[in-house]
Amino acid sequence: MINKEVRNVAAALEGVEDGMTLMLGGFGLCGIPENSIGALVEIGVKNLTCISNNAGVDDFGLGLLLQKKQIKKMIASYVGENAEFERQMLSGELEVELTPQGTLAERCRAAQAGIPAFYTPAGCGTEVAEGKETREFKGKMHVLETAYEADFSIVKAWKGDEAGNLIFKGTARNFNPAMCGAGKITIAEVEELVPAGSLDPNQIHIPGIFVNRIFQGAKFEKRIEQRTVRSK
Amino acid sequence: MALDKDTIAKRIAQELKNGFYVNLGIGIPTLVANHVPPGIAIEFQSENGVMGMGQFPFEGEEDADLINAGKQTITTMPGASFFDSAVSFSMIRGKHIDLTVLGAMEVPENGNIANWKIPGKMVKGMGGAMDLVASAENIIVAMMQVNKRGESKLLKRCSLPLTGIKCVKKIVTELGVYEIIPEGFLLVEYAPGVSIKTIKNATEGTLIVSDNLKEMSFS
Amino acid sequence: MINKEVRNVAAALEGVEDGMTLMLGGFGLCGIPENSIGALVEIGVKNLTCISNNAGVDDFGLGLLLQKKQIKKMIASYVGENAEFERQMLSGELEVELTPQGTLAERCRAAQAGIPAFYTPAGCGTEVAEGKETREFKGKMHVLETAYEADFSIVKAWKGDEAGNLIFKGTARNFNPAMCGAGKITIAEVEELVPAGSLDPNQIHIPGIFVNRIFQGAKFEKRIEQRTVRSK
Amino acid sequence: MALDKDTIAKRIAQELKNGFYVNLGIGIPTLVANHVPPGIAIEFQSENGVMGMGQFPFEGEEDADLINAGKQTITTMPGASFFDSAVSFSMIRGKHIDLTVLGAMEVPENGNIANWKIPGKMVKGMGGAMDLVASAENIIVAMMQVNKRGESKLLKRCSLPLTGIKCVKKIVTELGVYEIIPEGFLLVEYAPGVSIKTIKNATEGTLIVSDNLKEMSFS
């Protein structure tokens, strides 16, 4: 068993530097690597390019990095929940590349899987396809999309073991699995870190080979963005 | 009388067929889930990674790890499954979803759709909409036909950046049900009590009235 | 819940006709849809094109269809265990398309995922790449491979529920997941079929949307190809 | 004296480094797992869908659902995982595997490799070998240097259909250890008691003897 455990978030983030590209898991505020994001704010690395489906809200998730102007460029599919984001983007302070959500997921997965490029119909005929190669397959136009490159992938899982194996919970899975192994170094923060052999090998969502560093997060707030309920 | 949003959703629910896997967008489309006709089996997907979505949770039973694509807390039905975003869009891109219902800012008469950006003013992002409209073979747009400034959203041509091209098949608004045909918007149903004149005034694009025009029915 | 249960293998195979293309899961004899293969022999459909990693052994797995000369063309990555296969191939009776194993898996997955084509480095500079488009990405040559098309995908899982959700066991998983939803109709035979709601939604390997028909196999022989043991 | 197959495997095991994920091919490569140096952590992948392979099972404990790519019954180690073939080749194609050891029928001096087909005579198929050699950055070939008819398998040029091009970095045979350099096969180690003359006779391609040539050591 190859042990991937590091002692804390600081050790996990070693090597993250100004100007790097980070891939971060999560959908909205669900399944985001909140311990790592908190530490990135503290470390104060700047000029980051962040690849993440969303940009958090003003005071949580990637919104914390936006507030401190640590992000130079954001690659995302939906950023509607973040007023500071919109302000920085419309004022030109923040560079933004919006990409269809499925293409975003597949470009991460392609990086993980050693697929340099693939064709997808998403975005054909729209500004997303501008400047990209398009091609017809079975009578339908497709656009060529390439694998993302990133220095670090930072993901959040529910349980993990020392070998780096990960299990996600509910819809907190989202973009996390496809990002594992997609960046040069993958960091996983987990709610519970268990010894190797504790998890059923049949029920691992992401094998440890895709994870370089794993640690148990000190605290998970797991904020709910839209608390919707029905009456009993 | 023009429909309210919930009644638009109710009309769209009539399009649900037994065995359909359905993706509902944010806004009016979400309400469709409340009107599934009895006796048919439907599963709702949310593209953030769940198939078999149920109702909202009871108060106190919300789970931060269980939300829909609108970031709302949800529950699941028996037979549900969770999966990652790449698998979720395999369902969508791979044409495994039978019906997609989504909102729009503008729909021109050629079936294009715009719903993600107002240049220089508002950029929410396309989310999963571009993947959905590029692959779904059965797309219904649910929206108010007239915007807050009284302008029609059923247009000759889109002015906003597109989400997808020639993909919309049907549109349900507060005023009527429209099919996209080569000639333009084919009005097939009108909301109870709404006149054709009202509908014409609210349609900037070419409007064709169906020979089989009828009033929407909610029996 | 959309119920996918059919009463038996005959109902599951309804619509399989001469000349069709079938995708069949399994690696060696491990995780093969043996009930379905047995029924295909009985039904006697002919001129099949089969996409499967291996071709079984002489008297089990796809070897049974080969014996009856029901297969016109075989698409596989490794066929070394089957003498009758080799005979038919070398004599020209059987058309054979050999493809790298990873490319085979990815072409199935591409069909499932609506990706019409992708680039992979596997096979560049070999006869596998002959007649195919090649292209350089980051200084390395890649070949363009397309998604497979099939009329039926036939897979084997360990447990399944009425909704078509599947869980695989051990290395019997192999090609089965990537083939689900890759053919026009997907048939899953399972060792145990349980009511919807019995399986943990977090631990489903293949969501039921990728499966059209599911049934509990009458009998599983699960033959071992190479019984290797160590002494106590 | 020329090495036996198990000793070839033992020599290759010296190339294992702490933290390596390793894919072993069928035949001699499989034997490498028996010689992992003490004190280093290695995980063995089998491309049919398991990471963290263990030894063969005890008699009576074989599981038909647990085999390696050679179709042999196996066991798993703590920390193991199962996955599907697409994920398995994501590991391989995505360069997550640190070392690949595989057999060959022919290796020419430019580092190409042929191991899957003899036209008109034998076709086993490439299995996962083409994916492995196309992506692995650290490939060792394990084979007997001379075939059953006494012919060298270290050649000037391949005569058989290729599995991959310019990918082999190192070769370990019953006679020696070779690195591929622009000039040809660089002999860096010889098997105990084997003469350079014997090695030259068994090498059809260009042989260069390293300035740092030494005897293989199995201390």
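As written, the chains take the letters A, B, C and D, and residue 1 is the first residue of each chain.
Everything below uses one rule, namely that a residue touches a chain if its C-beta (ideal position, glycine included) is under 8 Å from a C-beta of that chain, and two chains touch if they have at least 3 such contacts.
Nothing here was measured: the structure is a model prediction, and the numbers come from that model.
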- Quick note, more Cb pairs in contact for A-D or A-B? It is A-B
- Message: Report the inter-centroid distance (CA atoms only) between chain B and chain D in whole Å.
- Response: 56
- Message: Quick check: how many Å separate the C-alpha centres of chain A and chain D?
- Response: 36
- Message: Distance between chain C and chain D based on Cα centroids, please, to the nearest Å.
- Response: 28
- Residue list for chain B, restricted to those that touch at least two other chains: 50, 82-83, 86, 89, 92-93, 135
- Note on the structure: Multi-partner residues in chain A (2 or more other chains touched) are 106, 109, 113-115, 120-121, 168-170, 201-202
- Query: Considering only which chains touch which, how would you classify the arrangement: line, ring, star, complete or other?
  - Reply: other
- Which chain C residues qualify as touching chain B in the complex? 1-3, 109, 111-115, 161-163, 165, 181, 195-197, 201-202, 204, 207-210
- Residues of chain D touching chain A in the complex: 19, 21, 41-43, 45, 50-52, 76-83, 86-87, 89-97, 135
- In their shared complex, chain D is touched by residues of chain C numbered 27-31, 53, 76-81, 86, 89-90, 96, 98, 100-106, 108-109, 120-128, 158, 168-178, 205, 222-232
- Query: Of all residues in chain A, which touch chain C in the complex?
  - Reply: 106, 110, 113-121, 137-138, 142, 146, 167-170, 201-203
- Using the touch definition up top, name the residues of chain B that touch chain A in the complex. 46-50, 55-59, 61-74, 82-86, 88-89, 92-93, 112, 116-117, 120-131, 134-135, 161-165
